[in-house]
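Working notes, structure below.
Note that the chains are named A, B, C and D in the order they appear, and that numbering of residues resets to 1 at the start of each chain.
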Amino acid sequence: MNNHFHVRELLIAAFLGSQLVLWGQSAPDREQDRRIEFPDIPGYSTLVCDLHMHTVFSDGSVWPSIRVQEALREGLDAISITDHIEYQPHRNDIPHPDMNRSYELALKAAGESDLIVIRGAEITRSMPPGHANAIFLEDVNALNRENVMEVFREARRQGAYIFWNHPHWTAQRPDGIATLTDMHLELISEGLLQGIEVVNELIYSDEALQIALDHDLAILGNSDIHGPTDWLFRIPEGGHRPVTLVFATEKSPEALKEALFGRRTVVWFDNTLVGKPEYLIPLVRQSLSISAGERNEVQMVNIANSSDAEYLVENLSGYTFHAHADILVLPAHETTILQVKTKKPLSSFDLAFRILNAVVAPGTHPEVTWTVEPE
Amino acid sequence: MNNHFHVRELLIAAFLGSQLVLWGQSAPDREQDRRIEFPDIPGYSTLVCDLHMHTVFSDGSVWPSIRVQEALREGLDAISITDHIEYQPHRNDIPHPDMNRSYELALKAAGESDLIVIRGAEITRSMPPGHANAIFLEDVNALNRENVMEVFREARRQGAYIFWNHPHWTAQRPDGIATLTDMHLELISEGLLQGIEVVNELIYSDEALQIALDHDLAILGNSDIHGPTDWLFRIPEGGHRPVTLVFATEKSPEALKEALFGRRTVVWFDNTLVGKPEYLIPLVRQSLSISAGERNEVQMVNIANSSDAEYLVENLSGYTFHAHADILVLPAHETTILQVKTKKPLSSFDLAFRILNAVVAPGTHPEVTWTVEPE
Amino acid sequence: MNNHFHVRELLIAAFLGSQLVLWGQSAPDREQDRRIEFPDIPGYSTLVCDLHMHTVFSDGSVWPSIRVQEALREGLDAISITDHIEYQPHRNDIPHPDMNRSYELALKAAGESDLIVIRGAEITRSMPPGHANAIFLEDVNALNRENVMEVFREARRQGAYIFWNHPHWTAQRPDGIATLTDMHLELISEGLLQGIEVVNELIYSDEALQIALDHDLAILGNSDIHGPTDWLFRIPEGGHRPVTLVFATEKSPEALKEALFGRRTVVWFDNTLVGKPEYLIPLVRQSLSISAGERNEVQMVNIANSSDAEYLVENLSGYTFHAHADILVLPAHETTILQVKTKKPLSSFDLAFRILNAVVAPGTHPEVTWTVEPE
Amino acid sequence: MNNHFHVRELLIAAFLGSQLVLWGQSAPDREQDRRIEFPDIPGYSTLVCDLHMHTVFSDGSVWPSIRVQEALREGLDAISITDHIEYQPHRNDIPHPDMNRSYELALKAAGESDLIVIRGAEITRSMPPGHANAIFLEDVNALNRENVMEVFREARRQGAYIFWNHPHWTAQRPDGIATLTDMHLELISEGLLQGIEVVNELIYSDEALQIALDHDLAILGNSDIHGPTDWLFRIPEGGHRPVTLVFATEKSPEALKEALFGRRTVVWFDNTLVGKPEYLIPLVRQSLSISAGERNEVQMVNIANSSDAEYLVENLSGYTFHAHADILVLPAHETTILQVKTKKPLSSFDLAFRILNAVVAPGTHPEVTWTVEPE
């Protein structure tokens, strides 16, 4: 049993400031548990990103520094605070003329940490086009103009990455069915829309996923958080905010932007992964490490899951298992032992699974095959 | 917050014996949580049964009274202690001539409780026929004879219910593939085998399930426990022993026996249910109670799960959901709220699910449809 | 086992707004568990109060509405937001001229709930006098003047209740020893200081307690929270913010104010209660309900603890116990069974305990006696 | 986050026998957590011992092998199975003429493990002398004689260590008050009684402790378990059986026997330690490792608790603490940070605590002083 610090004591220690050094003891496990963890995939770093959130500078209820602290607690690599340009209910109290302010305060709060903070804003219109986020902006203020197409064009002039927010939002689409309008088609054809939220806050949209696939938009999932993230996403304990996993050549703002324009994303929400097979399958493959024991008629196989996803898989191989029916649960950060009834000892055989908690198209789950080579 | 007794105190109270009355307070929740709970189905009571277990009277390591106490703690309705007839490694210390002894001691231990205790024994032979349990016997001693076919016939003469144990056992089938032999076919055709263990201890067999279906044998799952059940089945916490759910006209030994001969069973192991669709589908249907909110374009539907199973279901209806992809988890003893995107308010519509953690044949999962009628 | 709603689903339901009605099901236990719970005492309601907290309107990092939501989640009866008058680091962004603003926003956020919101402010000076809170103000702006004595007098003119904050703060008293200065004595003698924080945030001061006792000041404990309360006080799970329990004739702002002026308070922090014996002893007595079983030589006694405190008590009666040494732990919201070795059956006897987790003076713990009358 | 094996899988792996090797992964934390852990003290190894337990060979309900497995799971160093000589309710089924049998079966079950198994038996008489255990016997059968004094003398002739069991048992002392009789005094003066159970199963006796102190008997605590230890001592989770910590020169049967005759014991039950100060104080001192941070006016001090005891201590130093009143809880296997208000930076000072959950005499708790030397 390891010794842990009593967390209350750590907080008291922090309170005393100058005496913060803790004699080389490790931080409590509990806080580390809330970090979102997925492996890198071949050729890319997996960056955990939330690209949609609010602060008191629009209709949120926390200061930008809280967004940074939340992101650090939850193990995020990058965030963008995207306060509404056209909707600022706290304007009586915060009559800020500079719409870059929440970004600047967050950037300062991030300080020496390695969190990437991206300048962003939410273009907030009735449908069409509804709401859209522009991130990697140079100056948010320049987007504050009446004609909505001009807003998108200005964002693009600044080099921004632009995506459609919650197209399934019932306040704008009472039936919850994400649907493209002519304006959206125009935005896409002008190169003014590169992504779409398939997941926003607690909501998922099969129709938005289909739009992403049909129009080659990046598949995105974000928290759109207004209050504390814990209250919405950590109850019950163990929950997490929805995030976009972005596959970038390195952890830098430039590489992240390039990866987004390259549509190299997978969404992680609840216990579900959503993305194109070219990124989702490598992510599953890197999450699950398969090895086999001594060659045997009933072949033991270890499946070590190094990710936060509890994989839910269906056996597609011709073999049956000695302790499971065809549907398996592979718990997060655990190793599952499988006994494969190969009938005779084999030097090599294939295990194929359909990954049920991964979605590549509405109702469609990827199939992944591993070749197993017993010792 | 309710007041609970401190459990250590309850134990001390019990220790004091004559003062056991606890002023009308309820027993601690913790112990109640370990009771196996499934609803009745139309026309039948659901009896939770474990029909295969051992004591010190063969190669087990506990006295029969412990088997009774375990059963009461785990909410079982019926048990059969099935000590080996031909294998008694403790014979030096327990040179019992009467093989009914473990049954008699268990019956006495059950006392005034409503636990059904069934006289049984395990016929313990090399393959074929391997091991088989005979339960509802009149006198175990009469089965202690050399010719194995005669043993089965004697059991049958006594009116016993007889089933094949762990046909997939690697000690007798190194490849773990349950396979019928001529002797088994003979037993079946003579009416000497009415069931088969598809689950034994921690092991499940798709091939045994296929044999049950092909030869109209009852589908059974039992613990075959030798040590304490907690050590094998309660780690991690929340686990349970495999049991056979038997659908009987009432809770009585006679009704249970009639139900077994009637093949009215479903096996519950790990988080999986295995059985014929005529019993498994009603069990799922009774487990899940579906109701709908006010009529709406995005229709709220409540799914209340009153069973111990965490149902894992795939959406087969034409509708998509507002907060889930097509695979849902319906936690045990919780109500899940679903938002169904029906596009317009409907007075009635169908929800259909494939129940992935239920198995009706190897690789086959039942489909269940509910008609939903919003208010 | 009761059916619980899956909390994520509740949140989704809330998100859908108009469809929020949940068919009469109870809210999840988990959230109820975090409510601070202590019984009333004879003649008074026990009000759970936090009278010191900050928002973005001074150096806090949340909007006033968050303080209200936190209070409702944690079962508080009354809060006062006490933003600094002289210290407003967010002034560049929130150039508010009206210092009543955070109060007004909190009052509006409390809406129809029964949370009492009190207008307050923190007078923020170097030592002496250090920091002080004035609550039940009429207009905070009027306190924004240079001469500190005049500030206190103005608060008093408005009828405010005024108390000294964290007299042990190491930023102002490097040795952490709360110490009265001439200015404090002058404030007290002028009737400008009615209470003192013996607990602030995570810190407790024996010296502040002694000052309270010596100068008849109310004993107060408050959170002084700047970020989310969960981050500071709910780790590990089960923690709570420090609060002042105020014994008022009813739940109303007027009764609360009268009770504070009447010094009828007990502080609850960590697992410790601090207060004058006239309120602390009745609180302990109401928390613990003692009853006895049938008369016996070894007398069973039930101690039901209805409070959040895990009472830690030392046996002062002449009797020994059958299952405990002289130090007992009486867990929160549980009933502990005690066997008292009275040597012969008694119709009545006394149980006396020193309550070790209750403090009436530095190093002094109250003694409470119960007369037990077996049936 | 470390990868853990899914425990069910480990069990399945064990089931498969020949394939048990698990590719170098560590066993699950959960099982390690239940091991009883206390540090050694200067000059001695701390051996965790349970010297009183039953099996089916008297009135217990498990086979001796279960007692061995329980001991290994719970981290015990030594056990003695002490079946009743004069009370064998299972005699109809186990007509064993050899009373050494449960010892022999346990010894065989212990196999290559390093568990010490001691031959023992319970002398089972009405009061006086009540029940007594004789351990380190050569032949239990020789104790089966009528005259009770002769039984003790025979045990002594065999070199046995003999102790009085549960002198407070209400079946033999209805008032629960352990009381010496002339026969006990005779046993002591003849050297036939070297120890006394101050704790038996769930019961503790202050009077037995006083007898131990008055007559220089070893202070012992044992489980006297008849059913599974988990059912009596692991509910709620985290509980443990009572044990005697014996301070021996090494881990061997001979050293253990020498240590028992030397009265070098401390009892560990519930969260309480009971023993003579010469062993209890070193045990507390080794459990708590105290170190100090940089010299400061408010001096940070780390108290690392490496034991299973949650120490409950009262501050006896002249200093007050910055975040605690005078009663502290030092959780098991955690480090607590204390801020000591020394008023000025000191190169050395003393911290003294009364250890409230340790008992050296009825109502008496040891005081322990540490000299703290800031860096």
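Assume a contact is a pair of C-beta atoms (placed from the backbone, for glycine too) under 8 Å apart; a residue touches a chain by one contact, two chains touch by 3 or more.
Keep in mind that what you see is a predicted model, and the values were worked out from it rather than measured.
S.K.: Report back the single chain whose CA centre is most distant from the CA centre of subunit C.
M.R.: Max centre-to-centre separation from subunit C belongs to B.
S.K.: Which listed pair, A-B, B-D or C-D, shares over half of the residue-numbered contact pairs seen at A-C?
M.R.: That interface is repeated by B-D.
S.K.: When the centre of a chain is set as the mean of its C-alpha atoms, what distance in Å lies between subunit B and subunit D?
M.R.: Chain centres of subunit B and subunit D, defined by C-alpha means, are spaced 40 Å apart.
S.K.: Any idea how many Å lie between the Cα centroids of subunit B and subunit C?
M.R.: Chain centres of subunit B and subunit C, defined by C-alpha means, are spaced 51 Å apart.
S.K.: Counting only residues that touch at least 2 other chains, which ones in subunit D make the list?
M.R.: Residues 12, 16, 170, 202-203, 270, 298, 322-323, 339.
S.K.: Spell out the part of subunit B that touches subunit A in their complex, as residue ranges.
M.R.: 168, 170, 174-177, 202-207, 270-272, 274, 297-298, 312, 314-315, 320-327, 329, 339, 341, 343-344, 356-357, 359, 362-363, 365
S.K.: Which positions of subunit D touch subunit B when the two form their complex?
M.R.: Interface residues on subunit D, with respect to subunit B: 7-8, 11-12, 15-16, 28, 30-31, 56-57, 60-63, 65-66, 69, 90, 93-96, 101, 105, 170, 201-203, 227-228, 230-232, 235-237, 239, 270.
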